[in-house]
Amino acid sequence: MNSLSRRKFLKISGATIATAAVLAGSAKTFVKASKKISERKGLEIIPTYCDLCFWKCGALAYIEDGKLWKVEGNPADPLSNGRLCPRGTGGVGAHYDPDRLKSPLIRKSLRGEEKWIDVTWDEAFDYIAEKMIKIKNEYGPESVALFSHGIGGSFLKHLIRAYGSPNETAPSFAQCRGPREVGFELTFGDVVGSPERTDIENTRCLTLIGSHLGENMHNTQVQEFSRAVERGASIIVVDPRFSVAASKAKYYLPIKPGTDLALLLAWMSIIVNEKLYDAEYISKYGTGFDLFVAEVSKYTPEWAYVETGIEPDLIRETAREMARYKPASLVHPGRHATWYGDDAQRSRAIALLNALLGSWGRKGGFYQTHSFSIPKYPYPPYPELKKESVHNPNNKYPFATGEQISTGIREATITGKPYPIKGWFVYGTNLMQALPNQNETVEAIQNLDLMVVVDVIPSEIAGWADVVLPESVYLERYDDLNTSPFKEAFVGIRQPVIEEPNDQKPNWWMAKKIAEKIGLGNYFPWKDVEEYLDTRLQAADLSLQELKTKGIIKAPQQPIYFEDGAEPEFLTPSGKIEFYSSQLAEAGFDPVPRYTKHPDPPPGYFRLIYGRAPVHTFSKTQSNPLLKDMMDENELWVNTDIAEKYGLNHGVYIKLKNQDGVVSNKIKVRVTERIRTDCVYMVHGFGQKSRQLRSTFNKGASDSELITKYTIDPLMGGTAMNVNFVTFEMEA
Amino acid sequence: MHEIFTTRNNPYVDPIMAMWEWQIPVYLFLGGMVAGMMIIAGYFLFSGRHKESNCACFSIPFTSLILLSLGMFALFLDLAHKPYVWRLYTTFQLKSPMSWGAWILILVYPALIANILIRPSQWMINRVPKLSEIAGKIQQHHILIRNIGILNMLFGLMLGAYTGVLLSTLGSRPLWNTSLLWVLFLVSGLSAAAAYVHLVAKNKAESELLAKADNGFLVVELFVFVMMFLGLLSSAKPHIEAANLLLNGAYAPIFWVFVIGMGIVIPLIIQLLAVNHKVKHTPIAPIMVIVGGLILRFVIVSAGQYSHWFNAHFH
Amino acid sequence: MARFGMVIDTKKCVGCQDCVIACKTENKVPEGHDRDWIVTESHGKFPDILMEIRTERCNHCSNTPCVSCCPTGASHIHDVGGVVLVNHDLCIGCKACVESCPYDARFIHPDGYADKCTFCIHRVEKGLKPACVEVCPTYCMHFGDLDDPNSEVSKLLQSRKYHVNLPEAGTQPNIFYLI
């Protein structure tokens, strides 16, 4: 490559890099592509997309003499702009993780004891097929459910639907961003979605309430956040902890946990009473504004001060600040929104605040997304469903639409109502840490006749399986196409850049093989995944070969702001932005959000709050050697005054006991001024109990273990988890 | 409150530098003691006492040779890239005390050997009879013997000073960053060497003389300590903190008890009483001095690595 | 002659360690060792806190105790950009340089030689930027020739306030932190 920069290099040889091996400084540039990757010589750069989280950034994998060397961002990718986040950069560690699952396993003793027999793939599939057929005969196909997270689950979803079950869920709804999507949909008729449609890059005022950007590394958002900082955008951060984002903020509001809705209502009342809202926008697109005004205008900052602990003047000043920059003023909707049980209403309040600022559909607010339209594979029609999903019987949670409530399926598995669930497929999600109250999860599992876990590592949930299927990591497999809705429509491909080190297999292969074993082979008519992808791509006039070479193909730009011609469309019953929601009123809920008080921790107890670290994704990356090297345990953030009062020294290990008497693993104390005195904080995902994950076993404490209590959001069934209180157990 | 967090976690660097473990203090101690021995032996030659038949000073060059080799072996053990050790002698790095040290050692060995050759022991002559012939030749040249004495004193001085300079040029460690460190190590080396002779000499007068000399060295050493701490304490904050590490910080117990108390003050009192015939000479005192000298090197190396500029930067 | 340096915007850095991981993969830094790292420094009493986040590494100083103390010449100043490097084949692993650096920027590689940031000289000489600069998702790092008044780094230093680490150590570091 001599002195050519990588970018130049990519431009020049863009068409050939992927399949051709490039030998630095050698005349022998091309190697037969058919040869096994691990046997090739020279430097080869293969595009794919990342799977360390669900953002799906476009990446370039570097293979040096047949060994995986590094992963960089694909400069052609609009999500990463050529730069991956720390987890993505550490993605190679997933391939090299010594704790990876290596071959299929069948349980040989009690569930959860993690005792296994190594079996062949055929034996594993026979076991699964036999149970699936039995369950279908005895209970009907609906009695098998799938829990999956990430795009890798798509072929298993297809399998489950072909098998005849409607029960297919992901914890990312009811345990994470569900309330947000529901709150926004009730207001604007559309969800925020993933990647979030936030135009942080162009905003002039960014309000973060329930988002710790910078510790949460969703790549595009962090890149845009940094640009906003550089442009001098006004930043308002609301957090009980002085987050990284708080250190970049103009205003930091150290809110008392559980009172965010009070602050939001007070902000809205100021904006309404001082007529700081975008009147033109509201009269054009809004409905029910007067009823809304009548409701919110009573929430004064003085009232909110009592609830939130934030000075009335600071509340006023920040309300005016965000209004000053409207409509390029963005109140970020956050992502993990299941906090206190009124989360959909709180999210709706955020939506309404944005509506007041006129930011939905506007530059510097929420842009309109576009996605590359690629026809689905022409499969035969799925069998007709005989029963509805068990996730939400009798429509108990009327606004749980679009996605299913995972804890609802767990509940049905425990109770057998409305009908029994006898089989679980779990793909790429560690339910032990994703779902609240681990005992209930175990109770449900004990009712199963079949429990299959597909994962790349022996996660905690894998320990409870009957059959564990070791999956290839993302660098070793194809997955479905990525056509995430974004500022510009694009399609991205995930393709193998290196072979599996052992007997791991891609999920598409597993789904197809299981289907064939249970007589559903006709639902997998393609020979292999390449044929599947090629068929889909050809239907969109693209070719697999081209996509494999470039990694990303973009569609022409389309307008994303109303002012540029994007079509305002609100899929609410009224077709407008619903300041007052008749739907909610009809279902017996507050049509305009109202404040509810949440219980405070009893004396001697602290609210347990949790969050993300930039170098890990939930509980799935702790054993990645590169990421483990960055952070191998979590710490308990304790305010300096509290630490002094309880005699806790920085760096000592203690345990936590929650209100239900559950005692955590030991965790290192981080004494800091950067948190309030009424809560403690830890990064989620640690304290893992899987003994096969040798490198992470019992490292740090698990917030999930302490989350035995949860409050259910009556609108959509989300499980609020910031309702647990802990006290210190010194004798660690 | 001021909080600093670093994600760095390098072995032997974080949280506290501990790159140099036991090998370097042992090397510095043996180097310093050998330096002291060379100066004493050199002085004996220079002042013409080589004729005194039972003088212990004639055994110490040989002892020095062994101790120095042990010290160098300790240094070798410390190297992380041992097969490359010869790289020391394919270059001379003007600014590097360690390079100077490597070459000084090359000078020290011939000087010690020359000293040995003046009066080889019977044991050596039995093995290499030619030695007595050589010794005889040397002894005919009085000036040569004086010059060997001068060379031994000179190289001893260089060696002793070097053991301190090695550390004090590493400006990143405030405790070491004092221009008196070489004096301290030199005097401490002299005192350990004197104590050794005091301990082993069969000749009463010689033993007495070295005990007196040692008392002098110990007093000077105390004085150097005072000066060194005054210097550090009147410097920048990191230097003050470094001095306090020894005076009242993490290293204070070991410093006061083993280095000052048992290494200097108590043996000094015993020896003062002994030379004034108040008490009998006891081997305990010189042994304490030697052990104190060794502990001094351990304390300085370890506390030095502990001391840091960051304390200043981060308050 | 060029003098390579970095200008790092602490206002933008979020301390995510991407630079650290990129360095580790690019340079095959052994597990458990860091050539670069993040320092988070905060002052004050909750909620009035001032915080600075920095990515740190060898400062490629203009006055180099680590080079002067080296007995073999292994630790040296490269003829391109004044980058401070270690020649693995000359290094005896005496650790003097590790001790001499006031920033504790060096460590001993498991293979026995002193190791540290190289400013990715192998990339820079090919016209690329150091791996950490190229990966940073906040674009907070800038690399270039400090002696060239028209370089991006020089211009940033002309237009913004900055500090260096431990100026009192007298090493004349070439990494500057914008504040």
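In order of appearance the chains are A, B and C, and numbering begins at 1 in each one.
By our rule, a residue touches a chain if its C-beta (ideal position, glycine included) is under 8 Å from a C-beta of that chain, and two chains touch if they have at least 3 such contacts.
Predicted model only: the values in this text are computed from it and were never measured.
Student: Can you check which chain pair, A-C or A-B, has more C-beta pairs in contact?
Tutor: Taking the two pairs in turn, the one with more contacts turns out to be A-C.
Student: When the mean CA coordinate of each chain is compared with the mean CA coordinate of the whole protein, which chain is closest?
Tutor: C
Student: Counting in whole Å, what is the centre-to-centre distance of subunit A and subunit C, each centre being its mean C-alpha position?
Tutor: So the centroids are 34 Å from each other.
Student: Return the distance between the CA-based centres of subunit A and subunit B, expressed in whole Å.
Tutor: Centre-to-centre distance between subunit A and subunit B: 64 Å.
Student: What are the residue numbers in subunit A that touch two or more other chains?
Tutor: Correct list: 630, 640, 672-674.
Student: Name the residues of subunit C that each touch 2 or more other chains.
Tutor: Residues 15, 17, 20, 32, 42, 44-45 of subunit C each touch two or more of the other chains.
Student: At least two other chains touched by the same residue of subunit B: list those residues.
Tutor: 1, 3, 7
Student: Could you please specify the touching residues of subunit A with respect to subunit C in the complex?
Tutor: 1-6, 69-73, 83-86, 89-90, 92, 213-215, 217, 219, 222-223, 225-227, 229-230, 242, 244-248, 252, 254, 614-615, 625-627, 629-630, 639-640, 672-677
Student: Using the touch rule from the top, collect the residues of subunit B that touch subunit A in their complex.
Tutor: 1, 3, 7
Student: For a test of understanding, state which residues of subunit B touch subunit C in their complex under the given definition.
Tutor: Subunit B reaches subunit C through residues 1-14, 17, 19-20, 78-82, 84-85, 87-88, 90-91, 93, 95-99, 101-102, 166, 169-173, 236, 305, 308-310, 312-314.
Student: Given the complex with subunit B, which residues does subunit C contribute to the contact?
Tutor: Touch list, subunit C to subunit B: 15, 17, 20, 32-34, 37-45, 56, 65, 68-74, 89-96, 98-102, 104, 106-108, 111-113, 165-166, 168-170.
Student: Under the definition above, what is the set of subunit C residues touching subunit A in their complex?
Tutor: Spelled out, the residues of subunit C in touch with subunit A are 9, 11-12, 14-18, 20-22, 24-26, 31-32, 42, 44-47, 49-53, 125-128, 134-140.
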